[in-house]
Every structure is written in C-alpha cells, then in structure tokens.
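To keep things simple, chains are lettered A, B and C as they appear, and every chain counts its residues starting from 1.
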Amino acid sequence: MKLRTGTVWTVLSLLLVLSLILAACAPAAAPADAGSAAASDAEAAPAAMAPEAPGTADDGMMRPSGEPKHGGILRTAFGVTTAHFDIHQGGSTSVLAHMYNGLVRLNLVDGLRSVIPDLATSWDVSEDGLTYVFHLREGVTFHDGEPFTSADVVATFNRIMDPPEGVVSVFKDELVMVDSVEAVDDLTVQFNLNAPRSYFLDLLAGTGMVIYSAKSLAENNNDLREVIAPGTGAFKYVEYQTAEKWILERNENYWDSELPYVDGLELLHVPAWSDRGTAVLTGQADMSWNVAYETWVEGESRDDVSVNKLANFGAYWLFYNTTKEPLNDARVRRAMNLAVSRQNLIKAFSSQEQINLTRWVPQGDPYATPPEEIATLPGYREDKTADIEEAKALLAEAGYPDGFSMELLAAAGPQAELLAPAIQDMLQRNLNIQTEIRIIERSLLVEEQKAGNFELVLDTRGHGLSDISPRANLWWRTGGSQNFGQYSNADFDALLDQIDSELDTTVRADLIRQAEELLDQDPPSLLIGYTFHLPMWSNKSDVFCSMRQVEWGGFILSGQE
Amino acid sequence: MSNLSTAISNKNPASLPSSEAGGVGQRTLSAIRRFIRSSPVGAVSLAIWIIIIFMAIFAPQIAPHDPLEPTYVEEGPSAAHILGTDRLGRDVLSRIIFGARITLLVAFISVLLGDAIGFLWGIASGYLGERFDLISQRLVDVLMSFPGLILALLLMVVLGAGLTTVIIAIAVTRIPSSTRITRSVVLTVKETSYVEAARMIGVPTWAIMLRHVAPQCVAPILVVATLHLGAAIFAESALSFLGMGIPPPAPSWGNMLGGVLAAAFRPPWWLVIFPGLAITISIMAANLIGDALRDFLDPKLRQRLD
Amino acid sequence: MSKYILNRILIAIPTIIGITMLIFLAMRVLPGDPLAIVQSESTGAYVLSDDELQQLRASLGLDQPYYIQYLDWMRQVLSGNFGTSFWTNEPISALIARRGPITAQIAIMAVILSWLIGVPVGMLSAMWRNSMLDYASRLTVTVFIAMPSYWVGMLIVLFTVLVYSWRPPLTIIQFWDDPIGNMQITLLPSLALGAGLAAVTARMARSAALEVMYEDYVRTARAKGLSYAAVVWRHVFKNAMLPVITTSGLALGGLLGGAVSVEKAFGIPGLGNLLVQALTERDWMMIQNLVLLYGLIFAVINLLVDLSYAWFDPRIRYE
C-alpha cells in the first residue's frame, strides 16, 4: 500500500522534483551545499524553487547552464509498476511519460511557473478564451518512424473526450470544457471550448496529456493497455523486467538534437518508501524522487549524498461525511478543524513525510495564502488555547457540549499507526469526541468512501494541477464525482462557477480568497497539510556529478512533469 | 545449572499424579509442590508467567504512563521513559505492560478454543473410526498442508484485522496438531480391556467417549496446550508484525515491532530490542513450563509429541 | 515399498484438491471489491461506473457461477497459467520465477546452516555431557528456540546498520548471475531463519547421540579398542544425523512460512514479501495462486518426508 500511496503522490509532483535537479546542478560547484541551500529556499517560499536561472528554455529547447556532459546510465529508485501501458486509462506516468511528449509543458527553468512549447511550437488564444489554435513542431517522428501530424493530436484527444466502449478514460472529466478538437491543416490544431478556463494550458501541460499516434490507436482498436505504443519522447523502450526495472535508451532521433544527455535510464523498482532513500544511501541507485523523511535526514548529514525539499500537490486529509449526524452541522466540523493541532500531526508523521502547514490552496500555486499568514489563522496557528475555547463553544451551540462518538476510518500502515491515533487523542482530549479507529487495506479505502461507508476517513489525495478549479469541482461541488462526503454549500458552488470561468487574475485571486474563507467556516474536510517532496541523489563520484547534468537534460524532455 | 540441565534433558524420573490426598484444593496444592520439586526451572518459568499475568491484570496501576498518549517526541531510554518512547512519543514500557494484556488474551483464548476443538474432534475421530475418521483426517491433512503462518494470514485477510479475528485465526492453526495427538492417544486407549468391557456391557458410545476415553487424553492435551501457548504468542506477534494482526493504536508486542526498521535508515534500537525481549521471554517461559509439565505428567508422552 | 509409495501419493490427491477448494472458497468470501476503482495519478482514484464495472467483471469471468470459476481456475493452473496481478498486471508466473528462487534459497540455506551449527553443537554437548560446555549450549538452545526468527533478523539488520551503515541490497540478484551479490541478500536472512532450527537440531542431535552411545554395538566398538573419536564418527554421528535429516524436511515447510516475516524484516524481494503485499492490497488472483503454491510445496514436502521415514524405518511401511 506504500507503493500505491507513493506512486500517486510522487507522480503528482514529479514536476516539482525536477527542479531539484535545477537547484542542485546549476551551480556546478559544491553540490552538497547546493542541496541544503535549496532546501532552505524551499522552506521560505516553496514555489520559488530555482534559486538562480539554471538555464534557458528558448522555443522549448531547454538547456542547462554550464557544460553538460553526455553519456552514462542513470539509475533511479522508485515504484515503477503500472497496471497497464495506457496513460489515458490510468497507466503510471512516472514510468511511461519518459517516452512521450504533450502539446505543451511546464517550464523547468522558471520553476514550473510558465507553460512553454513541447510538440506545439506556438499557440493563439481568442479574446473570449474559447478557441485555442496550436501550431505543431515540424519534422517530429514517433519511435516507429511515423511522422507526427495534427491527425495524431485529434485522435488522441477524441479518444480521451469520447472513449469508445471498453476504454476507461480517466481524463474525461478534466476536459469537459472542450467541445471539439479539429485539424486545420497537417501542422495546425484547433481546440473549441464551451467555457473559458484560465488554466486550460496548464491542463494540457499535465503529465498525462501525452500524444499517441493515430496509427497505434487504430492498430490497437483504441486500447493501448497491452502495448507500449511508440512515442515522440527522449527515451525509447528497451525492456521491462517485471516488478524489477525498466530499461530505456536515448532516442537518437529526438527532435531536440542536444538532448537527452544520458545514454539511458534504469528505473529500478523499489516499492517500499523507506527503501528508496536507502537505495541512494547505499549506492544502489543514483537518485530517488521522493524518500522517507528519516532517510532524508540521514542523507542531509552525509557528504556523498545531496537532498532537496520541495512543495508538492499531494496532501493528507480527514474527510467528513456530511450526511451523518452530527457532521451535517457545519459548526461541528469547524469545531473539529479548530481543535486538532496540525503542528502535532505534522510532528506525528515526521518519521514518514514532511507535511507543511497549508490552507486550501497549496504553496506553489500563484493564488496560495502566504505561509506567514496561515500561521496566524484560527485553526492553523500553533497556540491552540483560543481555538479550543471557540471549538467547545461551537460544539455546545450545536448541542454536543459533552462530545459524541464516531468511527475513524484509516488505511493500514503509517496513516493508521501514526496519524489516526494522534487525531483520536486530540479529539478526545480537547472536545471529548470519542473515535474508534477502523483500519482497512488501502486498496479498499476509496471503495468505502464511494459507498459512503464512513463517518471520518483519513486519506491521501492529490492533484496534478495546482489550480483550485479542477479539484474543487471534483471534491467540493455539490454532486462532484469525488465528493464522497456529500458536501454541499450553495454559496460555494456559486463562487466556484465564477472562479472557473474568470480570466482576470486579480478578480480571480479575490474570489479564491473568499472561497478559502468559506471553506474554513464550513469545512468539507480537515486538511492536515500538503507534503514536501524529498528528493535525494548521490554525488559520490565525478562521473555521477557530470551525469546529473546529463540527467537534467534527460529528464527535462522525458517527463514534462 | 544442573537443575536447568535436568529440565532440558528430560532425564529425571517424573512422578505421575495420583489421588492420595484429600480435597481437591489440597490435591492441587500438593501437585504444584511436587511439580516445583521435580523441575525448579519449570517453577521459575511458571513464576515468570505469573508475573506477566499480574502485569496484564494490573496494567493501569503499574504502567507509568497512558500507553496511548502521544508526546510527539521520539526519544531513547531516560528517567522519564525508562524504555524510551516510540515514533508518536508514547511510553514504550507502558505499551509493553498493556501489550501483555493482548498477548495473554490472544494466547490463552486461542489455545483454549483451538485445543478444545482439536481435543473433541480427535476423540470422536479416533473412537468412531471408519468413514468419519477418514474424512476428518483428510480435512486435518488439508489444514496441515499450509505452513501455520500462511494459513493464519489467509484467514486474517478473509476475516479482517481485529482482536477476535486474530484469536480465531490462531485457534484454527492449533486444531490440526491437537486433533492428531488426541486421536493417536485414543487409538491406544480404545484397545484397552476396560473400554472393550464397557462396550460389551452396552455402555452408550458417547458415555464411553466421555467417561473412559476422554480422561486418558487430558494429560497429553494439557502438555500440548502449554507448548501451543508459546506458538500462539509467536503467531500473534508475527501477524501483528506483518501488519495483519492486532490493529493500532492498541499496543501488542508484535505491532510495536512492525514498521520500525522501515521507518528510518538508522532504526531506534530501543524500539527493536524491548518488545522483542518481551516476546522471547514469554515464549521461552511457556516452552519451559511445557517441557517440565510433560516430564511431570508422563515421560512416555515425549515420543508421541516429538 | 512401491505399494506404500503409491498408496501415500493416492492419499495426497484428495488433500491437494481440498487445498484448492479451501483457498477458492476463502477468496470468494473476501470482503470488498477491488474492481471498483482504477488508480490514476492525475485524478487520484477513478471510480468506475456500474456499467464499466459490469464489463470488467465479465472480462475477468467473475459473472460466472462459482463452480465454473473454480473449474476455470483449475484448468488455468494445470496449464501453467497463473494469471496476472490485479494492480500491476504483471504475470504471476514471471514473478514467482524471479522471486521464488530467492525464497527457496533462503529456506534451503537455513536448513544447511542449521545442520552445520546444530549437529556439531549437539554432538559436542552429548560427548561432554554435563560439562560447562553442555550447559552453555543447552541454555543457548533454549533461548534460540524461543526467539522469533523475524526478531533475530531485525537484530541482525539493526547491528549491521548501526555498526557498519550497511543494509542488504534491495534488488533481486540470482545466484547464477552474481554469487557474491546474491549471498549479500540471502546469507543473513537464512542465518536468522536457521537460528531457531539450529537450536532444535542441536537438541535433537544431542539426545539422539546420547541414546546411541549406550547401545550395545557402540560399547562393543569401544571394547574392541576403537578410539573415542572413531566410534563417535562411525556410529554415533551417523545415527544422530538420521532424525535430523528427516525432521529438517518437515521443518523446511515451516521455514517457508517463517520466511515471510524474515523477508519482511530484511526487506528481501522474495515470495513472502510478495504474498504480504498481495494480502494487504487484496490482489486476489495473486493471493489465490501464491497460497496455492505454498500449499502444494508444503504438501509435496510432507509426502517426501513420509516416504523418507518409510525408507529409513521399514516398520512404517507395514503399519
């Protein structure tokens, strides 16, 4: 179950991890220092992850600064199993994305803040935000030699938006605002939207929005689960040793002839989280995207290993089932949010993961509430005295001055061992709310939530896009498809309609502020916090130091994450 | 030292229990006295078990801290926390003391349950013979065809984690061996002249089984049960260690060990050593009591049990 | 003898069928429906609609009656098809082929280690009966029998990490690819697993040796003027080994179970860790076939042990 948590988390945030490489490699000297410097930077303002401009990204041709060397195999330690090979049906992007490109991607050079070209070299957006025209890169071929054209883009998005029978399209809901995708000519594609979305380009820059060839879709009856379809990416598939490793080699014909720098990747399968850090510490792997905190601490103290700390779009939550008494009362939910110390929960989980204090919009998103401000807000602040007083008053007002008892559902493993008992203890101590912890296997947790078989449930949930709109529609809108707690607030829904289609950033910032305020007053869940991403890499030898430069290029192209 | 050696080598002549003394209480008392004299090591082990039982019963009075109260600071042994604190900052000593409750509960009830079923089943199977025996023995074969821990794991995933289910799963894994052993005793008892005589004069089958056969099987099953006690403690600890047994936050010696090595590159030694010691000591004491009891009750049993 | 073997094998058949039925039934009453969701990185978990669920069930044959599902499973297993993991789609037979050798190697090495340690200790203990050596060895034996093997493993890991900052390799290295790397993975776990068995072996070897030492033919040999060492080697050692070897066979099956927790303690990518992972994730096809594999191996080992008893002790054959 570790594996599953790990995969979900880390993939969500591979984006951010990449900047570790920026942070670490850009100043070629003193790599060990670069790591810790970057970590403290990340603490202050996790979004500003690249301390200096680590390179350039003209026309999407990203280049590291300094003198990158070619050659070498990079070994990574991570969970690399995948249910199947079809990304659009839920195949794991952490493995597969190295072989593909999207239309656009996020810029690693500015810390993933802007969208830059990938397979599209440029684009035009209509004034009303309803039409996007993409001009595609010339001379790109798939790994099987097939030329890349607009037909591939149309076929790819048509399958996502309107999946044929038997195809489970996991991105369908994210693209509901797209009416149609049409080919204007061989190298031009037009997206027609039914409502404007300020984050539309970010959506297309997501790791999963890769382009498959029309040919492979046709040949495989639109189902790529059993085949590794040829991509346009920097790396080509060589071999997959079941549950052990993936071997990828560089694509000699990659459209950016400078990249990738490494000759190949070995993605080692290391399922247990803690073992990933151990793999780097013991030299069995060159890097890991995200390691357990205690191995990270060990890495920080060592000269042969560098570490970094980055913000992430995965979080730990306590979800309320608002259909159950007394959780249908907003006062009760707010009281519970006030009475539980996030600082204590962060400490409780510190052997596993670094959780940071977060409000409803995570750090890293332009609309996030600054951390210094969050630390002063009721419910979020360190000093609990006033919060507990208020919580008790709210509970009394709601008719439960002596507390109540209910069940707390949690996934087996560290969540049930560390977070659940801490929550149980604080609810009982501060509000006399008795909870009985029910533990089930992680793989069954979502099913229980879907069936509404819970009162309180402790779970991880993350998202690929930092913008609040997509997830708010799934999680908090009345009737949202992942709104398992049946949360419903008409004011919030109305606010969300405005946030969804507002294109002006200042107005939108204000609306999002209001939404956060509202969610604090009438919470659908207790947000324990978003996690930090804890990458670690070895700098044992000169060879590897240069390889890190190489890998930098390699990974820029492989995962547009 | 020589006392220990006699206990282990089983070479001392064991005295059989007899009913010379008067009342039941007196008889038990004298039996215990003879047991202590026959095996001082067994007596010491018994004393250890009495201490563990005492610890379990008076856990709230003995434990220095609330075993569930987190302080959110993990630290090594100190004056405030003699055996250190765990990852949530809970007192390890208090958790071990409260853990004894779960360990004993699981061990006693599962052994009682499993061996009682095995006992009755073994008597029926051995005495009734024929088709019932055949089917029973094939069933026992099937249950015996899994390594005990694997069978318990399978049962746990089917029944779901929890105290009751751990007890049931462990009880089931005790059944096959106690059935086999009881049956083998019954097969010899069945041929004795007084059982045949009872059959001749028309005593009903159930009455023969209960009055004449069962008492002969009590001694061996008692020894088996003591030895099973250690096995049950091991099974519970292993299941909980694998995360398939007693669910947190309740402290069990096994679940205190689970995840400790994985959580850190340099695991806190006190979280590995102390719960493991508790498990080892209690299993060792149970084994030694079993050995001593076996010699005490019937030295001939030894061959059958090995 | 051949009649006995045939008879014993015939008895094994219903047992094996019983094993398959027990596992099958257990899997059908398993709570929860892992099919209801598809994990996806971008959207967290994607919940299938009822229609999609229905399709998926049909494609896996789960809409068939139980007896047809059972027969299908049997047919698949007999044709060597173990299916694929539900979560990762990996072929289970490939997983077993990669990880099985590691687990088997650990179990077999544990048995060999238990002989190498247990038999000499037991023999020496018997030869110098009631000496300090004897007492010390018997005390050690008592302690090691009680120590859970996974805890022994944890202590070993704790020691190597705290003292040498060393942890065993995490990847699978087969013996034939890299014997040294392979030993780094397997040696310490087999030591942890074999420690308890070595203690049992020592105890058994001691008592077997003691029994033989007072047999007439040993006394005669001594009387004939053979040296003590020669007598021990020629008569006592051989006789002491017999029960040790046959019991080791039985123990091998138990070790397979014990290996699960030892693998967990060391983080060895063996069959046991695979099973635990499958159990926690409710990967039912994997559970079903892995438990079957354990059951079959155990049943075969039991059969071989019975046959070897009969081979060594002819009286059994005529029972």
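We adopt the following convention: a contact is a pair of C-beta atoms (placed from the backbone, for glycine too) under 8 Å apart; a residue touches a chain by one contact, two chains touch by 3 or more.
This is a predicted model, so every value here is computed, not measured.
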{"item": "Pair joined by the larger number of C-beta contacts - A-B, B-C", "value": "B-C"}
{"item": "Central chain of the complex, centres being mean CA coordinates", "value": "C"}
{"item": "Whole-Å gap between the CA centroids of chain A and chain C", "value": "41"}
{"item": "Whole-Å gap separating chain A and chain B, where each centre is the average of the chain's CA atoms", "value": "49"}
{"item": "Gap in Å, rounded to a whole number, between the CA centres of chain C and chain B", "value": "23"}
{"item": "Two or more partner chains touched - positions in chain A", "value": "272, 275, 278, 281, 412-413, 440"}
{"item": "Per-residue overlap in chain C, given as positions that touch at least 2 other chains", "value": "31, 167, 267, 280, 282"}
{"item": "Sites on chain B at which at least two other chains make contact", "value": "160, 243, 262, 265-266"}
{"item": "Sites on chain A touched by chain C in the complex", "value": "1, 3-4, 7-8, 11-12, 77, 81-84, 89-90, 92-94, 165-166, 168, 170-171, 173-174, 206-208, 225, 241-245, 268, 270-272, 275, 278-279, 281-282, 284, 412-413, 440-444, 446-447, 450, 461-464, 474, 481-482"}
{"item": "Complex contact set, residues of chain A against chain B", "value": "272-275, 277-278, 281, 292, 294-295, 298, 344, 347-348, 351-352, 412-414, 416-418, 420-422, 424-425, 437, 439-440"}
{"item": "Complex contact set, residues of chain B against chain C", "value": "1-2, 4-5, 8-9, 138-139, 141-142, 144-150, 153-158, 160, 230, 234, 237-238, 241-244, 257, 260-262, 265-267, 269, 272-273, 276, 279-281, 283-284, 287-288"}
{"item": "Interfacial residue positions of chain B with respect to chain A in the complex", "value": "68-70, 72-74, 87-88, 160-161, 243, 247-249, 255, 258-259, 262-266"}
{"item": "Of chain C, residues touching chain A in the complex", "value": "31-34, 36-48, 52, 55, 87-91, 94-95, 98, 166-167, 169-172, 267, 277, 280-282"}
